[in-house]
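Note that the chains take the letters A, B, C and D in the order they are written out, and that residue 1 is the start of every chain.
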């Protein structure tokens, strides 16, 4: 078991190192090696599935204030590691076509593989410090890959923005890890979950809210979501892998992991529910008005992550993780097929697309599969998990939040159909030659589409795995048939389905409803301007820069003023000491 | 007020004069002059301190070392001043405040 | 006065005066040996150096428009002096009584390490001075060593407008620097 | 005089080698020999040979505890702090000498450069061992004097001269302040030995004033805000190897001198720790904000040194305040890491400066935009510089993260709300610093090469080797943070012991 952990993290990292060393002109070898290493990591992760356990399986002694680096391959961790490596492999396979002929492939693949290893490490780590280290490495990879096209100022800006915002949030996790260390003496998460009382109440709540901030920043939740749309400058496989299927889930993972310790903290669950609700609802609105295909998908990601966060807030850990699985699969599918479309059309603006279904029938088919899952139509994987969340929310959560989430589901359906229509149907609005995607692109999207249709069948196995290994969460998951039956027969499902249907009808009859739509114009404007969050970001940046510029005038360059500084410092210190002593 | 106190005060005053010079002067040579005054003050203070703790010879020994160091710094300062004059054609500090921000 | 004097030479003379004053005070304090050294080095040698430097660099009358307003500077210093003085005054109360050894033994034996380090001072100081002053002939040396045509050198050095042009010509060892003989390539 | 022991040889060897290096260089020049690398290789082998007494001294210290070498009244004592500084300066010094061979053109007084560099390394090792207040000042002054020419090395350049003048004058003011402080201590306690002073010290105002003078006087060299103003100029104008030394060792040497002098005054007031923390926070903030808008690479790195001094001060302050060694251990660890990271950053930036500017006789500063697309032509240097700045920004899995973490952990261990708030503030600063480090990396990895890069000169292998070594060590320490514990942990405990706290 310990070997499998090392392999899952080590194989992609080894690959990253090797590929970095290759020369630019060996691009075939680079492609091949990347695929091989990614697949090998996927196999290693899958091999861990049968033997998940809640015990520490690997311990590396570091000593000093760094404690032991420990790994626990429990159900939650292994499941996410599998998602990371398998989706990662598919994204790498997709990249072979997508990145064909690009420069700096070595850097691209190295960073992707580094990311896959780090993500697997993140979810398997049991030392909070180690988790934090992996957390930061994923942020580093995400930043470098977003700004992969360094010549494009927008890409650079997007990358740095993502880095800064996730790092800002990361401080929350840093505080959490430091608190654990200060009071518990090591970083062991399992030990802490077993006995959260070692922390004084106020420190526990500092830690709980710190983790919430970290999770919100990583999972692009309101008000830290602004980096995710900017991250769409990355190559599409990256958007699919990092910014839809894996890294952004780390926040949800963190909340789910610590839920048993934090649920008693005053106001914490309410805060989590509010963050989830706001994100789900506002981001859905933003997706509705977005014109950039990848941005629309990014907002949709924020919104779906909002559902997962909300589910954690209501205590529905299983539902949240199950939705995470579904979402990882169908959103990766959507991003990859959108990437294929963009690759072919050469623009991301949906207003320039339209009528692409004729030239790209395969991509249309798989995109629609993903879209239906996103909208939550029955028998796609998104349907089951979303219904599970909403049902649990109705029973466990506050009613106001439930109503909001329900409305969000309706809007989701609406924007999903809008997206499909704008891209694949109607009249072609742009120009240029369109070609169907490459073979490897079809292979990876095809596999994901198959997953979208089938992963819900795993509900029973998945539930059992979590129930057995997440001992501190006290999960109680029904068997698969019971669950499925429950979902289908629950009144909540009917309610949700009718809302989704309303969304669908709303798009269908958009012409007659134009009058009503016009009255929503202010909402549209607010949504396109990101509800003012972007404005806050810009102000903060401007102020910091203005402050920095103002401060620069203190470096006068004049020797006289420099000596003045020395004497001034002396006086201040003398005064301080005279007063302090 | 004993002599020593007055001398200590004198050293301080000299020190202040040196700092004052550094604050206002714009000429490289005068900067070196001011530095010299500054170190002279410190030197005086060291000897006075030696005297105050009844170890005048210790104070002297320290002062001797300080004189050497001080002279070396003066030489370097003057050499720099000469070089500044050669390169820039002036010894005005305003010409030497181009690196800023 | 040494600071405010308009002419550099006058300033240097004032500095010599200050040195002499310090030397007298030291002598009165009983620090005879150091007083002598201070008189010879501080008042003598350093002044000579100053005169030397001034004669090389030339007198330069700058309008004394200060960077920092005068009042601010004075005010700062008053505050500073006051603070130090207040903390300083109770100086007489102490008096550790030690029967002390001879100056020579303290200087040469007790503080031998300091003396050794003075060698480091002097060595590094001399090297530094040489280094700061020596290189103006550098371009000419390039020309002598390697037969690079003039046209190739000039663009490279022409970019630096601060190097005075005459320097680029091969110059005779200047009389003003005692160390120049050392530097001239044989 | 006692028998010479390993650690005195460690100090003496470079000091003796320095004149030899100079003379050898002179003679070879006089004779018109191949303008030779003679002085360069002599300097390198001198420092390389110094590793032997260093290793002996280190193992001796490990076995027998601090070793004292008495010369008259003055004691030199190699304790763990001294060993740390010795290791840092020797390590970086050796690499810098190696690097400087091709970097310094033969027509530029190479023998002076190397001779002074070797002397500076020796003096800094001595500084770490000084156990007498005045002697400490003497070493300190010697360090300053040996670095003056190195900073103003391109003395036909106006900017370089300007930096040199500022450096000389401010150093001199600082050392005069320190002298005043020494005079006060001598007058009050009648002794100069650090231990005896600590025993004799009471809470008189004079000693308090002396402490303030030490903080400010040594603070000039340590680049504590607002005494930092010489630093950006000196670091950006000096030859890059010297920038690395200044930033990686000289600043730290100033800090250690400050700690030594304050340790003698430990009993005077309990506020030293708080004072250091305050300076730490100030340094971080000012350093980061100043760096944010810089366009020159070396100037940016110089300001980032300010903020890193801030982290060290914060850790030391925490240790003194909480009377717990872990903060100091973190700080010393950070000191070592900073030497590695900043050394790497300056050497790599210097390699670019050399390839793009200096090699074609152009002394204009290296702008960030000059580096556009440099990764393609200089992959090794680009990787080194990127890793260095990412590590400085505190991203794992690089060295900088680990030492920052150790400082932060020490802060939280105090269980003191204010210190925890300071730690969070420091973490925020760390994030802010990424805002200027990250664009640098982006520029390096652009596709379109700047005209300068397209016409860049090739780099010598001797420039590449030190950069590779440092790159590898930045990663190694990041993955295995315990690598330097044998140096930094005892040093932290020794500091506490020197302050008479804990132990």
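Keep in mind that, in the parts below, contacts are C-beta pairs under 8 Å (C-beta built on N, C-alpha and C of every residue); 3 or more make two chains touch, one makes a residue touch a chain.
The structure displayed is predicted, hence computed values, not measured ones.
Novice: Report the chain whose mean Cα position is at the greatest distance from that of chain C.
Specialist: Taking each chain's C-alpha mean as its centre, the farthest from chain C is A.
Novice: Find the most central chain, measuring centrality by the gap between its CA centroid and the centroid of all protein CA atoms shown.
Specialist: Minimum centroid-to-centroid distance belongs to D.
Novice: Have a look at B-C versus B-D and report the one with more C-beta pairs in contact.
Specialist: Answer by contact count: B-C.
Novice: What is the distance, in whole Å, between the centres of chain C and chain D, each centre taken as the mean of its C-alpha atoms?
Specialist: Centre separation, chain C to chain D: 26 Å.
Novice: Could you grab the centroid distance between chain A and chain C? Build each centroid from C-alpha atoms only and quote it in angstrom.
Specialist: Chain centroid spacing, chain A to chain C, equals 64 Å.
Novice: Centre to centre, by mean C-alpha position, how many angstrom separate chain B and chain C?
Specialist: Taking the mean C-alpha position of each chain, the two centres sit 9 Å apart.
Novice: What are the residue numbers in chain C that touch two or more other chains?
Specialist: Only 66-68, 73, 76-77, 80, 83-84, 87-88, 91, 94, 96, 98, 106, 110-111, 114, 117, 121, 124-125, 128, 132, 136, 162-163 qualify.
Novice: Residues of chain A that touch two or more other chains: which are they?
Specialist: In chain A, residues 552, 555, 557-561, 563-564, 567-568, 570, 574, 578 touch at least two other chains, as defined above.
Novice: If you look at chain D, which of its residues touch at least two other chains?
Specialist: Each of 134, 138, 141, 145, 148-149, 152, 155-158, 162, 164-166, 169, 173, 184, 187, 189-190, 205, 208-209, 232-233, 293 in chain D touches at least two other chains.
Novice: For the complex, which residues does chain B have touching chain D?
Specialist: 8, 11, 15, 18-19, 22, 28, 31, 35, 38-39, 41-43, 45-46, 48-50, 52-55, 58-59, 62, 65-66, 69, 72-73, 76-77, 80, 83-84, 87-88, 95-99, 101
Novice: Within their complex, state which residues of chain B touch chain A.
Specialist: Its residues touching chain A are 19, 22-26, 31, 93-94, 96-101.
Novice: Which residues of chain C touch chain B in the complex?
Specialist: The contact residues of chain C facing chain B are 2-3, 8, 11-12, 14-15, 18-19, 22, 25-26, 29-31, 33-34, 37-38, 41-42, 45-46, 49-50, 52-54, 56-58, 60, 62, 64-68, 70, 73-74, 76-77, 80-81, 84-85, 88-89, 91-92, 94-98, 100-103, 106-107, 110-111, 114-115, 117-118, 121-122, 124-125, 128-129, 132-133, 136, 162-164.
Novice: Tell me, which parts of chain D touch chain B in their complex?
Specialist: 134, 138, 141, 145, 148-149, 152, 155-159, 161-166, 168-169, 172-173, 175-176, 179-180, 182-187, 189-190, 192, 232-233, 236-237, 293-294
Novice: For a test of understanding, state which residues of chain D touch chain A in their complex under the given definition.
Specialist: Within the complex, chain D touches chain A at residues 162, 165-166, 169-170, 173-174, 177, 203, 205, 208-209, 211-213, 215-216, 219-220, 224-230, 232-233, 268-269, 271, 274-275, 278, 286, 289-290, 292-293, 326, 329-330, 390, 395-397, 401-402, 405-406, 408-413, 415, 420, 423-424, 427-428, 430-432, 434-435, 438-439, 441-443, 445-448, 480-482, 485, 489.
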